[in-house]
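Some structures are shown below for you to check.
In the two complexes below, chain A is the common chain; its partner is chain B in one and chain C in the other.
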Partner chain A sequence: MSLLSIKDLKVSFKTRRGDVDAVRGVSLEVAKGEVLGIVGESGSGKSVTSYALMRLLESNGRITGGALTYGGIDLRTVRESTMRDLRGREISMIFQNPRAALNPIRKVGHQIEDVLRRHAKATRSNARSEAIKALEAVRIRDAEARYNAYPFELSGGMCQRIVIALALACDPKLLIADEPTTGLDITTQKAVMDLIAELITERGMSAMVITHDLGLAAQYCGRIAVMKDGEVVEEGDAERLFAAPRHAYTRKLVDATPRAGASVRSLLPVDLRSPAPVLTPSEAPLLDVRDLVKTYQGKSGPVHAVKGISFTVKKGQSVGLVGESGCGKSTTSSILVRLADPTSGEILFNGEDLAKTPAKAFARDTRRSRIQMVFQDATDSFNPRHTARHSIGEPLARLTGLSGTHRRARIEELADLVGLPRPLLDRFPHQLSGGQKARVGIARAIAVDPDFLILDEPTAALDVSIQAIVLNLLVDLRARLGISYLFVSHDLHVVRLLCDHVIVMRDGEIVEEGPADKLMEMPAHPYTQELLAAAPAPPVLAEPASSAAE
Partner chain B sequence: MSDLAASTPKTDGALAHVVYVLRSNPVTLLAFSMFAVLLVAAILGPVLVPYDPLASNAALALQPPSFDHWFGTDNLGRDVFSRVIVAARLDLAISVAAVALSFLIGSVLGSIAGYWGGWLDAVLNRLFDTIMAFPLFVLAMGIVAALGNTVENIVYATAVINIPFYARLVRAEVNIRRDSGFAQAAKLAGNSDVRVLALHIFPNALPPMMVQVSLNLGWAILNAAGLSFIGLGVRPPTAEWGIMVAEGANFIVSGEWWLAIFPGFALMFAVFTFNLLGDGLRDIVDPRQRS
Partner chain C sequence: MAGRLSTVGLRITHAIPVILGVVVVSFLLTRALPGDPAVYFAGAAADEQSIAEIRTALGLDKPLMEQFLIYAGDVITGNLGNSLSTGQPVLQDLANRLPASLELTLTALLLSCGIAIPLGVLAATRPGSAVDHLCRVLVTAGVSLPTFFTGVVLIYVFYYLLGIAPSPLGRLDFIYIEPDRVTGFYLIDAAIAGDWETWTGALKQLVLPATTLALFTLAPLARMTRAAMLSALSSDYIRTARAAGLTEDKVLFTYAFRNALLPVITTLGMVFSFTLGANVLVEKVFAWPGIGSYAVEALVVSDYAAVQGFVLAMALLFVALNLVIDLTYTLIDPRIGFETK
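Showing the complex of A and B:
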């Protein structure tokens, strides 16, 4: 008998536009000791399914049909007080954003004690030692000291460990991990996932791992269910799913997952794979960065964000800047795009030193239109009060002086160029999907025909299938417009798809740089090797289709 | 599963959005209806009323409410109903002018403090703290007494004591958006700091400001009426709710309750309206409420 069984679950949400069915007839089984992966893109209903079985749906959500059984208990009808006993003790959950899941003004040790005492796993006298044991269980070094830490004093990876400790404190039999590593660095992701996997085996728990990353699911789950639009479209062994996906959507997801050996076109569904443009960057340097230094005045002494880096971007070249959070890549890109001033160093752009013009004055500089940027967070980078048309038109109005019908025509031309349907131009950002916002962001950045475009993780928040489309769009645009890219990312596999040359940064310094293929195949620096090893490795595909597409 | 599905949902127009906000929340609809009543009284009051609000008639002094005089007459025989209606214009004008003034000044000062920070922020904040350290009504009394006993000075006094509330709110709203992606994108589009602040960041502070404005309007009416009640600002025989309550208060003990009660109700009605109005106004100016 399975530990958890979900039969024909239906969940719907009341919204302003009527009822929306988020989950429409999902049936899943989790056996004792099994790890089930639920994979799907945003809006597929994967998180809603897990919230429904914990009975933690938002107030406008309702289970409209089906059965939820956990170890013989009907989770749909059981009393709320029983449910409270089950949560944490029997079924536990690891949340997406560890920082949001922790109470910011309570010491983490106390938060663990709360759970232990709620479920009578500890008394007042031994709560502290039990909490420390729970911290040690998730391999936190110096647990005694960490017991007294507040969440803001801990790194993202450390916070996620605390959340795991909280979830496992009462020895639950079923663990639900909802995107447990989103927002974590790739090496941290590996450490956290390894830890979860280890603890699951050690304690013989069952688990449901919910993720958008097929590669991650394949590596850590025995069985995978692929969800789309509130339904399970395919279910099966991780390896079988990769080797021979039966459903077209699974095929599309498998294709779109960046992996070793894939080309940017092979991420797309087979019927969309036109030959990739051949790009030959010229040898003439466009941007020459010399000994760039940025030092902030922090609370506890100076912070050296960038420690004297030098590199060159040639005309028409695409350079990848890779590193984990805090490595200085974002600081570097905001200096290069002239939103911040360096402490020292030169930024030679077509031979002129841009660092001589302060960032404050650069907005009205004639060279402003030469360097543009696509922002990481598509939601945050649009004024919520402006329509897409207004956002794309803003640089045109300010930097080119185009007005009236000319500007209108150019905006529509740009929308066509990035594949955004024209009717969407009159929508506000919150009315657009992630992929649509990414397109608007790209259209805005290329509106004034820049020579140099900085792409700051433009696909980090996107679903893989949308990411595949956006990456291909960027490749095509570069071929068509001859723009040079600086592609900033944490993901080497994505960078390799788009870049000729890769720079790896750590702690404000360049540790390694070189041609993309060479660097990926023979990484010289241990840190590069570590980054490559940490990326989830989906089973290698026997893929006849990819060679045909090249 | 295309990201390009352009069919649903359709974008609402501005008017459709207002209709939606009014329909979805009956309280907002009620508030807007009450506000419409106030507006009609303020704009058309003198035309609508049955009697001249200033015409005295000693023969009809202190008549209780009747069919001819709905709210009765006062000690000089003036029709209380006409006076209450006509007073709406003056009371609304004072509060709207005062709130507009403090909104304007508060927004400018708050935006500067929130965007540039540093010593400007520190100096402005201490200034606002100083103003707020006074009992505000007493400060308003002081200002009117010092500047002179006129309607304009009531407006200035009410505005000054309200500035810190707006400035602080705007400062916080501007500050959290100072380094946001869209502010940076606006700079990349060639906007100077002042333009980024005025055209991109500040408009995003409007939704919470609307709540403040509406609550403040009610409060400003009370403040103006309060000043008149103690004899500052508006002078008899001008019809004004505060003065009417003050004059009527003398007659309550002798049983002529209608002199003070009806202008008091008018005051309550106005303040209640503005307090209810806030949420609806916020939903209307917030584009994110549209779908």
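Showing the complex of A and C:
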């Protein structure tokens, strides 16, 4: 008998433009001890389904049909007070963005105590010790000290452990994990997912893992349901789903998931796989970074963000810069794009030292147009009051002096080049989708014909199917325009698809560098090995999925 | 804790240049005022010579720099000079009148917080409901009705028509004897003396002006509470708390309200400092012997010492108030104090 059964669930939201059906007849079952993965891209209704069954929908959301049964209790009709007893004690949730999920001004220990005492799992006298036990259960070292910490004093991974401790404090039977590792570093992601899997097995819980990452779901879930536009399009064993997807959408998702052994073209649907253009880099160096150092004056002594790194980017080469948060890759890229000044070191660009020109003066330098950047957050890097046309035209007006019909023609040429339909040029950022914004960002960066483009995680916020398209666009553009890339990313699989040469950074130092294929196949440094091992591996290519439910 | 103490110390040292600046600016501003106090105090029948005598007596014939040094020296020793119009030392005038203003302002703020904060919380938890609309109407009315108007209307209704309020003439009706001065707050002094008859009398006098002021200060507080509560309630940690099955009271007060308090306290501080200086209209309407009306009267007759004393007293009060707000902040929000490290 299944622990949770969702039958023909329908949820709709009242908006200013009328009702929007977010979930349209979803049926799912979770058996005792089973781990079900729900995979889908943004807007597929996967999170809404879980909020609906917790009855935690926003006030404009409503369950319009279907049945929700948990252990014989009808969750749709049960009184709110009973529902509150169930939440946290029977069904618990963990969320993405763990730091925001915790009350910022309450000690984490007290937040756990609140839950324990609410469900009568502790009394006033033993609440503290029970809370510390709950912290120890999620393998937090020095739990007594952590009890008194506030969320802002803890790392993202540690915050997620606290959120897990909070969710599991009252021994629930069903755990719902909504994108539990989105935004965490890849090694932290692995640690957190392993912990969740371990606790699920240890306590014999059932779980629903909601994620956009098919690889992650395949690794940690026994069964996977793929959702699209509020419906479940396919459901089945993780391995079967990967090996022989039945639905076209599942096929598309499986293809688009970056993985070992894939080429950038194989991410696309079969009918779009034209041969990828090849650009052979020349031996002449374009950019030569020598002993680059950046030290900030922090409140508690100097912070060594970049500790003297040296590397070369050849003409036409695509170099990947990989590392986890805090490794110095963003500092390096903002120095190279000349938005920040290094403490010391040389940046030889076509033989001239760019570090000699201060970042403030570089905006008016003639070499400004040679180096451009595509920013990470496509939304925040646009002026919300400028149309796409205006944003793309800005560097043209400032750096090339192109005006009137010439500028207009160039903007339209760029839109064609990046595959942005011309009518969209007159839209504002909020009227464009994530993928369209990424295209505008790329068009703006290549508008002035740069020789060198720095791409700072340009696809990090995109759905995998959109990411596949944008990555292919970048490959095509590079071959066509002969631009050199510095591709900054935390995802080794993505870097491998796009780059000839890979640099791995940690704590402001380069730990390893080499040709992309060689580095991925035979990583020499333990840290590179660790990074590679932490990336979720889809089952076909790695060991069979270790189903945590077994 | 040591971190917090040093934060307090740092804040206090930050206040020193502010106070020095206030001393200089208040001195220069009063000198820049139009009108000659010597002419004013010599009277209508004075001739050139008597005006000059008075000017010498007041020290106004000396160069500006010398006047300033004398003034600064006096301030350091606690001597704020004598008021030309009352003839009393300014320090004594302020000591008499400041408690009157403070008593009025504090009572008004207590009253408006008591109404505005619950109202804002209720409005935020039930957006679009009757409470929400009531909150909106009150806020609009509070902002758009000037205090002298609400004051006069209240007097008209409660004193003239209904006759339940005492005559709006100062802090205490003449039939009561002023309580022995301890704090200068009549309500507190009367309570200390155990004189409950006087206490009631003082309270009756206080009700109308305090209500007038409260209606005015209600608006920003209710608005801010509503907005802060709404944003706190839509945050991720509230979702976590709800998903953990915490009771609605716990979610609302321990989780949402404490977070929402931060912007409310900022607004409260702004409203408080604003009202203290700006309640002169209310003081005038109710013949309240506060420092607002004192300052305006002094300003009209170019009473240098009194105006300077007023500005200085207000500056010190503002500094103290900001310090209190900062400290309240560090008590509520653990993130503050670490940032200043």
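By definition in this document, the second predicted complex is superposed on the first by the 540 of 550 C-alpha atoms of A that agree within 3 Å, B and C clash if a C-alpha of one lies under 4 Å from a C-alpha of the other, contacts with A are read in each partner's own complex, and residues count from 1 in each chain.
Here, a residue touches a chain if its C-beta (ideal position, glycine included) is under 8 Å from a C-beta of that chain, and two chains touch if they have at least 3 such contacts.
Note that the coordinates shown come from a computational prediction; the quantities given were computed from them, not determined experimentally.
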Worksheet item: What is the contact status of A:S300 with respect to chain B (first) and chain C (second): first, second, both, or neither?
Response: second
Worksheet entry | Partner chain(s) touched by A:S310 [first = chain B, second = chain C, both, neither] | neither
Worksheet item: Is A:F152 in contact with chain B, with chain C, with both, or with neither (first, second, both, neither)?
Response: second
Worksheet item: Touch check for A:S92: first (chain B), second (chain C), both, or neither?
Response: second
Worksheet item: Which of the two partners, first being chain B and second being chain C, lies in contact with A:R84: first, second, both, or neither?
Response: second
Worksheet item: After superposition on the shared chain, which partner residues are touched by A:G435: those of chain B (first), chain C (second), both, or neither?
Response: first
Worksheet item: Once the shared chain is lined up, is A:S129 touching chain B (first), chain C (second), both, or neither of them?
Response: neither
Worksheet item: Who touches more of chain A, chain B or chain C?
Response: B
Fill in: Those residues of chain A which chain B touches in one complex and chain C touches in the other
none
Worksheet, complete the sentence: Interface with chain A, chain C side, in the complex: residues 127, 235-237, 239-247, 250, 254-255, 258-259, 332-335, 338, 341
Worksheet item: Given the complex with chain C, which residues does chain A contribute to the contact?
Response: 54, 56, 59, 84-89, 92-93, 95, 97, 100-106, 114-115, 118-119, 150, 152, 163, 166-167, 299-300
Item to complete: Mind listing the chain B positions that touch chain A in their complex?
Response: 1, 3-4, 6, 9, 11, 20, 24, 180-182, 184-193, 200, 203-204, 287-288, 290-291
Worksheet item: Which residues, counting only chain A, touch chain B once they are in their complex?
Response: 16-17, 41, 228-229, 249, 252, 334, 337, 339, 360, 363-364, 368-369, 372-373, 375-377, 380-385, 391, 394-395, 397-399, 419-421, 423-424, 426-428, 430-431, 433-436, 444-445, 465-466, 469
